[in-house]
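Dumping the structure here so I can ask a few things about it.
So that you can tell them apart, the chains are marked A, B, C and D in the order they are listed, and the count of residues begins at 1 in each.
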């Protein structure tokens, strides 16, 4: 097998260049590729188009790449509480393409599953439908209108998993799964950072969420902060 | 929670009626819903349209429903070695719609994922494309032609899993997974028969292949034969 | 006049045993607290949970286990985890029986606006457009008048739409309304102590009142 | 003239380290036996395996673990299992780098027919139409002439097609051919002891021979 294991995030992103399009896994701050984001800040690549459900917070996640103005365009469904994001968006420094969350997920799936387009009812009759093909189909006994949406193309997909093996197989933990599996399938080059990297053979083949065929580079990340965005608890 | 657990296959299929359309999981004889097939033979429902990758063998799997002439139409990708099937097909007693295996899988997925149609390159330029919309799309940097294929509709989806819980969550074992997860998602009513039925809470939520939302009835099957179609071995 | 909890309590009565339900942020989240004894529902969270449980006990938060509002949560025994494609797949395929969400405006033909105010910072629609475009059964939980005292039940939405002709029922601080297929807010129940006159004053869209309108029982 | 194992052995030289490969039934399956030392490939089986291993030892067969030919198999340590939708998803998305399959006929523009003979019992195309429509790199392993002595490398296929303009390379008992983008079977290598004359006689479609054609080294 060609060796997919790289030393660290720096090596994983060594050929990531200015003006590339990236997919980044995670929902809020949950399941984001922390090590690769830090490495991108260090590397200073600029003009990035980032496909990611959210944009991090001011001082964590993709917010770090916003602070350093490395992102040219965000394609997201919700950009949350992020003062620097807001400033760059309102000043026109940052392009923002807001799309429905299911559309985002399904356009990634389409890329991984070799479907050039998908149809979704999300956004029909709204400004999201502007300039897009609208077509009627019958589904579940009901005729309604659907929008045609294209599979995403991306140079790199950067995902975070809980466990991975040397063959590139990945297992996610709890809701840190979110967008990671579809993005892993969708990158021209897919980089996976994992909390635990194990030899091939240690993961149960029935438990693998992302087969190794989709993963080109893998490394064990370090110093995961796994910050909680909204700590909600109840008393014992 | 509404109780999804039924006693056995007879109870699970009690309202399955003549001339209905069914999806049946399995690849060859691997991962087929043995108990429900036997119960359908016993019940004698007729005129069935069966969406199933294969058609069993003469004396096992869907072959049993062919022997009793309960099947009106098969929608499959490969019908294998089955003398009675061949006789009925050649005599015109049985309608057969042969479609590419990936198209079969993806039309099930489309039903479960609320996508009214999908586009696939499989069958372009062949007789499979007759009467279907052909459309050019660019994917992966290459422009080519795709066929539009519709999501399947089915009255019942009948699947077999390894483990299931009382909430309807399912886990498949090895390649007995095959078509079962997509079909489970695609039935108006989905019946799951499982080798081991456990209380909700015993399955690891990260290992569940089919979330319970897709499963309407579940029972623990009995006397699984799990016949092997091609026993290939090597000497120690 | 109902407070937020009152609205949530009234909506909870619409929830049937065995339903799979998606609750939006705000008042909808409160509905979970008022689901009657003997009624069991499974909550879907569109980031990939079925069988979402309450907040964790202090000290038991898990950064890997959050809901669509990014809050730490727990899982019920019946829970399963899945990716975002499957999550919106089950929403589009209408396996999620009921969606409850908030709104800025609803029109008399069932259009909803709840994601964007021109000129203000736009945070995004998240999963709202997918949910309203797909769900067979949507209940809106909202205040009937805004801070300026203007009705949010309108002939036509003034804000950019989230979805068209999708809302079937609305519960506000003043009443419960069905949106009729042919258009119009049909008053079903009055909130305790609220008069027909108050409701008329707070409804800019076509209001339909037929016969005696009962006071809500919560 | 090559036997089946010879054809498989020659094809095995086309396999590169780290490739994900789908092998059809028949001669293609034999290719796995001849992959050179130091070259590691992962075999995909379209019923849901990556990292398919050899047949199990006697007594260790598992009814739940079969390949696309319905034969009992084993898994390598690198293996993963997935459903049929993902399996064909990765095929359509061209993640499977190489597909090797048999054929009844191939035409000089790269069309392939391998699933149906009119008037005979038709068993179905299985995954073949998906594979030929999607794969970037397809090698056909076949006998160049049929039992009646007729060439199966044709100007145009006479049988119903499996796919159009998709075949790039053919290995037969007589030689190795590239199919040129503009059409034509370009002879690349002769099988040991086979003359250009024999190849010409066994090729009905446009045959392109440029310069000296080397004898194959296996």
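What we mean here is this: contacts are C-beta pairs under 8 Å (C-beta built on N, C-alpha and C of every residue); 3 or more make two chains touch, one makes a residue touch a chain.
As the structure is a computational prediction, the values presented were derived from the model and not from experiment.
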Could you tell me which chain lies farthest from chain B when each chain's centre is the average position of its Cα atoms? C
Cα centre of chain A to Cα centre of chain C, whole Å, reads 28
When the centre of a chain is set as the mean of its C-alpha atoms, what distance in Å lies between chain A and chain D? 36
Which chain A residues touch at least two other chains? 106, 113-115, 120-121, 140, 173-174, 177, 205-206
Touching two or more other chains - residues of chain D: 75, 81-82, 85, 88-89, 91-94, 134
Could you classify the connectivity of these chains, where an edge means two chains touch, as line, ring, star, complete or other? other
Got a list of which chains touch which? A-B, A-C, A-D, B-C, B-D
Can you name the residues of chain B that touch chain A in the complex? 106, 113-121, 137-140, 146, 151, 153, 171-174, 177, 205-207
Partner chain B, residues of chain C touching it in the complex: 17-18, 20, 40, 42, 44, 50-51, 75-82, 85-86, 88-96, 134
Going by the contact rule at the top, pick out the chain D residues touching chain B in the complex. 45-49, 54-73, 75, 81-85, 87-89, 91-94, 111, 121-130, 133-134, 160-165
Hey, which residues of chain B end up touching chain C in the complex? 1-2, 111-115, 165-167, 169, 185, 199-201, 205-206, 208, 211-214
Within their complex, chain A touches chain C through residues 27-31, 53, 76-80, 86, 89-90, 98, 100-106, 108-109, 120-128, 140, 162, 173-182, 209, 226-236
